[in-house]
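Next come two complexes, and both contain chain A; in the first it sits with chain B, in the second with chain C.
Let's turn to the complex of A and B:
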């Protein structure tokens, strides 16, 4: 079965480490991958698709060497392969202009300001993965441990009755 | 008494006056007199007599709209008083009050009228007198008007001068407020640096102690000690390499979880090989124990690195703000540059920073203020340049001076502003910068001039600008 993947793009190693550690519990049922810059992120998305998996959520920093996060997200949105990927900005330094651009041109799903509070990151990851499941009408049952029940409840009902 | 011309009007009509006086005496009129402050005619009363002033001074006054008495004129011998009310029959125009001892003739209208009608010589003289009186008073009014015009102009000049003074004051006040802000910020920075320094020092000591105690604790368990030390010296791997290594491990051991694999890939090859048997047999408890020790060492390392950064930053912040110095000392410009670069790192990292710094001798000045100038120049360069482009920082020695240049690839300084860029309230930033007053360069130049230095700017041929700070070695 195709594995649902969450990708994190961040250029500072210790921050990336912190993000991954926070999201690790989700690896019970999902896969977490990481990239250090925009170029690698694109490559990674393709790799994931090539091996038959799908990327549900992309957490992206803004200030990175070379291409910045918002420009990456805007660019990805233009590619129909990645339009369904839920895009989240995770950054300490995106100004209003950049954020507006991300919202308007990249269909930004959420903005998390660094440093994030408590388990905000985990909650948003769960939420966005759940939105992805609903959007793609996927069977949520294997992932119930780590979804946002409110968002997927209709989907669950549908698959429960289908299973009968 | 105000508003007066102190010179009394004395109509120069000797012949006509003598004629009128002679006639009046013949007609039986006797000389009347008044003492000072006695009233001759009251404003607003009906008046049917013509008063001929023979001796003394009479003051004319009129009530102004706010009820106060406004002095109009002073009349001397030869003046006719009550002309208007006498001639037109309207109520008296003004108050006439004796100022000195006054002697006068008072002629009834009825008598005057009949003589005026009958005697041609009489009417000629009288008219002459009347006209002379009135024209003198008219002249006076004209004179007053001219004076008013002159005063109005003076007033206007004074107003303009005041306006300029107010503008200057505003300017100065803005500059002072701005400098106050900078001083306050400097104090805040120093305060924060100090506050952070204490817990930071405590952190450092605790970590150092931990770094000693843990190995001591484990000295009887060399295997565990090795894991701890391996974790403490392990480097971060790039994400692409991580992926490759993780894929290798995951494909080698089918039951291995991604979380464990992610940690194991940082193990040195030798240690990893020791764990492989446990991986084969899925002995996760033992694997986890090893990972835990490794991670402990790694966490210690992370704390040490992070605390190092804090310590360096605090040191630079303290040097940067230099609140403890208010006198001119010998300043190490290189240290200033390093401190400023560190403090501004969060902004400068978005740009390609190119440094070309020379060894510089000490320069008389104040480190805190020099840091302010450097900060101003660097943040201006950031504001003018697109992210990712180059900002150059150069320094060097010249004849008896030290110089620092900040060069950017930005939009340059508009030709119209090049001469004025160091004046207050001149800015090329659109939509309000951080302070929005356009004072940064003005203050920077002021600061440079304090130490007999200069701050200058020029545009580059292709694009961008260069700002140059020069400070003399001896003031």
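Let's turn to the complex of A and C:
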């Protein structure tokens, strides 16, 4: 069975560590992968696809050495392989212009302002992964532990096995 | 894809039985009985080991019966010749007819109602209203969740009810600290409520249909209201006793818990149509004894009216669990040949049961049913056991309905109490996948429910049902 992956792109190692630590509890049903810049991120996405897994959510920083986060997201949106990936901007520094660009051209799913609060990151991850399951009409049963129940409610019904 | 050993073994043994048993030449068994034995053993092995899905095995049973035993049999002439002209081959239409057996039409009516209720959030809103009187004491909230799940599951599938209750309750219960056993108490109340609640009405869960169809074939009709009259008090007692035990096992730490579910009843014309049809159908079902219209006839009311009013569309009709109906139909069809070829009688003749008093036999069947029901599909457990039990236990029609209904109802009902393992029932699997409970919690509660269920069902069968029937 293909695994559902959550990818985090962030150039500062401390922040990346914090993000990964925050999302760690999800790892019993999802795979969490990290990249330090846009180039690595593209490579990682390719790899995930090659091994037959799916990228469901991409958390992305904006200001990074090389290509910035918003440009990466906009570019990924043009490639039909990554169009359905739920794209989340996780940044303190994206200006209005860049943010608008991300919303309009990369169908940004969510904007999290750093520093995030409490379990915000976790809630957004669950929410977005649930939206992905719904959009792709995937069987939510294996992931019920870490999804947003309200979002997947109808999906659960649809994929239910019958009484036996 | 590699097939697990169990499936390969099942495939070989099953097909082997189908081909070889007809040529075994058992004393006192007709040629057609030999073929039926082959099909019966094949089906049992395939149902248990599942090399193909269980409903496909059921369909192949019907197929083999038509090909080998009906008036369209490939070997009809030899079959009649070998039995000295004594074999009366059933019409092939009789086997196909099991796919539209009245009890399955009753289920279709139930499917239609459940789908409409789901579409207009009637199930969710009923949950909201029904949970209110249970207040804010955590143990009472758990009782409420269990009873409401049970009530809904009596009219909807156990699986659909569990899914709905989980999606409603989970976000609220998730706010309770993970260390508090209350989370597990609620997480377990839902599958327990769903599994036990299914027993309450004929349409609650497929094993009920297996028992009722077998009784009908034996000439004993069980009206909807009669089944409810015997099953509902049992369900309520079993839920209550299980709840008492579960509260001891998982004593909540928090003092107050509010299970507030948001929502309002939709007042769109379609939603109101759905409420009215739901109320009328259920009303007519539970009063079957008063007006005498069979429940399977009433079942056509929602099947016709819901699509007629646009409350259900063809997508909804396509999404019914047709395979559940086919699963049950295969068992009913097998029952035709078991009786018609004399196989059932012959099997019973092979074992000397004179030493066993009937109560011991029922107990034996009940324990086997419970054990098997934990490992394989409840419907299949009932399908394999009930035809044997009915031949062995049900006296001639002259003995009155109580003597016939009680032993069969006991066996058909007890399989529904089998819920120790994650694989025992789909509600168990759903509850586990939410992460709210662990397998060991389920096993503990499964044993509790099993012991409570078997004891109460036997007590009801011995002392209470004879008075009611």
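To be clear about the criterion, the second predicted complex is superposed on the first by the 160 of 164 C-alpha atoms of A that agree within 3 Å, B and C clash if a C-alpha of one lies under 4 Å from a C-alpha of the other, contacts with A are read in each partner's own complex, and residues count from 1 in each chain.
In this section, a residue touches a chain if its C-beta (ideal position, glycine included) is under 8 Å from a C-beta of that chain, and two chains touch if they have at least 3 such contacts.
What you see is a predicted model, and the numbers here were worked out from it, not measured in a lab.
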Problem set entry | Touched partner set for A:100, first chain B, second chain C, both or neither | neither
For this session: State whether A:113 touches chain B only (first), chain C only (second), both chains, or neither.
Result: neither
For this session: Considering only touches as defined above, state whether A:149 meets chain B (first), chain C (second), both or neither.
Result: second
Problem set entry | First, second, both or neither for A:141, with chain B first and chain C second | second
Exercise. Does chain B (first) or chain C (second) touch A:63, or do both, or does neither?
Worked result: first
Exercise. Of the partners chain B and chain C, which touch A:160 in the superposed model: first, second, both, neither?
Worked result: second
Exercise. Which partner does A:14 reach: the first (chain B), the second (chain C), both, or neither?
Worked result: first
Problem set entry | chain B residues within the chain A interface of the complex | 236, 238-240, 242-243, 257-259, 262, 302, 306, 346, 349-350, 387-388
Seminar exercise, completed: Listed in rising order, the residues of chain A that touch chain C in the complex are 141-142, 144-146, 148-150, 152-153, 156-158, 160-164
Exercise. What part of chain C is in contact with chain A in the complex they form?
Worked result: 54, 118, 157-160, 163-164, 166-167, 170-171, 198, 205-206, 319, 321, 323-324, 327, 377-380, 425-426, 429-430, 433-435
Problem set entry | chain A - residues contacting chain B, complex | 13-14, 16-17, 20, 24, 27, 31-36, 40, 44, 63, 66, 68, 93
